[in-house]
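First subunit A sits with subunit B, and in the next complex the same chain sits with subunit C.
This part shows the complex of A and B:
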């Protein structure tokens, strides 16, 4: 049962800003040497603040972005760098659910058509029947089929997006902050739906989020990302019981119900993006425990036992 | 979850019908098209029929708009001329819309080198005065109805291409487009099914404005003798041949001029109404 469904190896992605006619184009590291594995049937949580490259990792896995280097292996098959034509037969094994349910449905296409699109592309029979079953499965009323996206609320739209992602029975789904734009009252419903469907359809998730409470609830393993790097990874219990990286501690301390009162010493440091890439620990400028070594040497991910790995020079 | 019978057309029509001027424009546009189509049934005289004994007659019950220097009935000539003027307008706009949408979509969707090449062609075309370009091409290819349609079409697609490109640039990063890509949709499916459908309203508006503009341009060219050639009649030609008699027979220039004025005005009123109606920011 330890089949590694997704293996991400050393992916790197740089975005170039348009330099203009006279200006110099600048490179921004979105993802810098990220590696992880997801076992079949498990959920990996990818957490970190906005702009740290989580979404880019998700997009690279479903081949919406190409990594500059490194590779993505799906079910034993290397998929990064394949041409669109070779990819197409594999596409229906992977899906993505986006953050903003208002932008992720085409306003001119009826829900039934939108959900059934992937089935149509792959020439599946009985599309309407399958779409209707899926609509029921995500808890939407039957007449959803002929309606337009604008008739639905955010939570309902997210259910539609989930139906669209799952109707083709993929093995693996990237959930890119699927609940962070929803009302708090709706969030738990969607989370429970995702959990139920995962069990029913034997899915594997990459769950991208900045909300630690949600991640704690749904994920088996967690990888913490900071500035394009993974700084800590391990099982959910390990990470929450014994966070080792100062950034992970900061994240946990910022959740009111998890670490109230401890956060002051972390928050008073300014974020200085310029030095984040310079030959040392990316977190150096914000780290409350930084030492001289941290400025000049990039920390590697080191196993501290039970698969709990941390990239930090400090020993706790 | 109200508004069950929602459709984009319904919403646009709902807004458009509150705009009286646009409705008048639409009415005139439809009326003119019917008049042009029904020309053989509405005219007593054939447009080329000469009657030297009855030359330069003022408008009367026999000749609604008078007769010209060869005794031809102006009313007949104008109705038949409407066929030429309107079809030049429509076909020229069809050509320019096709080119503009195709090139704009390619440039916006694929970007990169292709985008650069297409947009530099647009820049070059826009940097040459349009009338000069048209006159040059007509001298080269020779004046005829067909050439006028083609040349107006070939010289008026640039603004539309820019507009469509901009729409594609913003729409191609929408998440519904990304999710169609993840679902395995091909480029052509994404372009036609997902992006173009959402970019059509501005195209539609530009078509309506374009028809008015093309009719005006055709009249101008025909007036200069570089458009439609006699014995075919278009409004520009009637206007042109009437200018020699402007002191003796005002009706030779007045009626075709009025026809051009009303037609172009109607198309512009309709176009402006449509532009407001498809603008999602103008919701009352």
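This part shows the complex of A and C:
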């Protein structure tokens, strides 16, 4: 058994919404009792629609958000609830790559300095040499060091962000939709780069995405999230070969396919109601196979063999 | 073929300090009646500018440097500003990528679609409201009364895009130009919108010019495809020919580099490099620095369009 690098246990996070002039402020569950583990050297894909809480999970793991309850264990050490001072030395081991490389680079700071900044914080020596090596490793030209972000295209900027995240040699990286703002031909370049770097630097990824085509090509395991809950999880092969949750099946059926073969036509109800069905299955309002039981009883994740777990009343 | 829109040799230039950028460099494109034509390419290839040229909405300092845009026998480029307004939004509608930025946040959906109804078909009062309800239903919104009174921020992304499409349909346009209409949406919602476009095409005998960079979407709803690169059409033809009898190395690269739900590959195919900047278009074939089959002639001479089969054309020296 491999070492479990990340263990996430029952994390919960609610956000308060402003209630308007007279309305009452409400709490919205962004993440509701999410648990998973990532083995060292593996990639876990966290999949779901926008607003399902996947980014919040990523942020909680790297401690950019604090969970209301539950805990995150990194490499055997419990990190949620630690004071900032104690977190510092750990932070270098976990990094995050964001979706929009246009928003995540300071336009006035030269690339070399931006990448080197993390090293400076940790008091590493030979910063310039390490930054230059990293620039080379992500496939950017050597003169990148003294240039500014605006001189680079979206794909190159994402390479810069990857270099910045990896220069401190972290063990674990959260990739939050790292390619969804890029062109198709550039997407595949970045996917390959992430795969190569993972091998070369012995990394572990949490890969957050809504694009199943990408997830299938980069992840070892997949967790499907819907409204703050994990509704299905398993190995990539299992999830695609035998999706059990109606939501997973809807996601797979919705992917615009390149193949000529026929796809499963799946019931896709237009919804606008962004509040989930409280007290029952969150997917109830959209589910084509719903039963009375689904309205009033929250399904638990149940193991269906080979580590394939699903939270759905219909699969009993 | 019955042509509704026929773009001939269109050029859009930007005169800037650095020189003249030929963002659209002499392209020809036709859309038939009841046809979905897909214009495919990376960002920066000039697809959106082509669409904006049809609407005569090229932003300054861009100019339409040449060509014709024939729509229903009239050249849109020769129409007066007054006349083009009668076409714009009425006979040709456009749906944009980001539905949130296109809707005014301080007016209700009903107000905004109603304005379009009043402007294009001159209805007022209850009749206007009825027409708004009608188009909302048409785009699959079942709670039309609630959506009518809603402000854009109260709607989800998918609903907003439906509202945008509804707004484009008030005057029964003949042509709908959809510029990356699903890029900002979730995959399940994207599937709904694509389904909606296909249904509308049948129901309203609509022609659609769909701009996208996702070949999966092309495969789902396209009839014919134009592949655009750095301002030029590199390959064009019926969808099946483009997908199964691919000729141009760029099309081939695009098709191969899209991750698919098929067998898991260890490495994805990539097209090396990136699209040239508009001032630094390479000499010869503009794709030559990225092309795996590059020959000497590709660096010297620009290839002309050659015929592959009746409707399938390619601009490449590989087949000469």
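Rule of thumb we're sticking to: the second predicted complex is superposed on the first by the 292 of 316 C-alpha atoms of A that agree within 3 Å, B and C clash if a C-alpha of one lies under 4 Å from a C-alpha of the other, contacts with A are read in each partner's own complex, and residues count from 1 in each chain.
Throughout what follows, contacts are C-beta pairs under 8 Å (C-beta built on N, C-alpha and C of every residue); 3 or more make two chains touch, one makes a residue touch a chain.
Everything quoted here is computed from the prediction, not taken from an experiment.
Chemist: After aligning the two structures on subunit A, examine subunit B and subunit C and state clash or fit.
Modeler: Once both complexes are aligned on subunit A, subunit B and subunit C fit side by side.
Chemist: Once the structures are superposed on A, label A:206 by its partner contacts, choosing first (subunit B), second (subunit C), both or neither.
Modeler: Neither partner.
Chemist: Could you look at A:173 and tell me whether it touches subunit B, subunit C, both or neither (first, second, both, neither)?
Modeler: It touches nothing on subunit B or subunit C.
Chemist: Per the contact definition in the header, classify A:103: touching subunit B only (first), subunit C only (second), both, or neither.
Modeler: In the superposed model, A:103 contacts subunit B only, not subunit C.
Chemist: Of the two partners subunit B and subunit C, which one touches more residues belonging to subunit A?
Modeler: Touching more residues of subunit A than the other partner does is C.
Chemist: Could you tell me if A:183 is touching subunit B, subunit C, both of them or neither one (first, second, both, neither)?
Modeler: second
Chemist: Considering only the touch criterion stated at the top, classify A:8 as touching first (subunit B), second (subunit C), both, or neither.
Modeler: Once the two structures are laid over each other on A, A:8 reaches no partner at all.
Chemist: Contacts for A:122 in the overlay, against subunit B (first) and subunit C (second): which applies, first, second, both or neither?
Modeler: first
Chemist: Given the overlay on chain A, how many degrees, to the nearest 10, lie between subunit B and subunit C at the CA centre of subunit A?
Modeler: After superposition on chain A, the angle is 80 degrees.
Chemist: Nearest CA pair across subunit B and subunit C in the overlay: distance in Å?
Modeler: Least C-alpha distance after superposition: 9 Å.
Chemist: Considering only the contact definition stated at the top, list the common interface residues of subunit A for subunit B and subunit C.
Modeler: Touching subunit B and subunit C on subunit A: no residues.
Chemist: Which subunit A residues qualify as touching subunit B in the complex?
Modeler: 59, 62-64, 88, 91-92, 94-96, 98, 100, 103-109, 114, 117-118, 121-122, 147-148, 150-152, 161, 164-165, 168
Chemist: Using the touch rule from the top, collect the residues of subunit B that touch subunit A in their complex.
Modeler: 1-3, 6, 8, 174-186, 189, 193-194, 197-198
Chemist: Which of the residues in subunit C end up touching subunit A in this complex?
Modeler: Of all residues in subunit C, those touching subunit A are 42-43, 140-143, 147, 155-159, 162, 186-192, 194-195, 213-217, 219-220, 243-244, 253-255, 257-262, 264-272, 274-275.
Chemist: Flag every residue of subunit A that touches subunit C in the complex, lowest number first.
Modeler: 49-50, 153-156, 183-189, 191-192, 195, 210-214, 216-217, 236-237, 240, 250-260, 268, 270-272, 274
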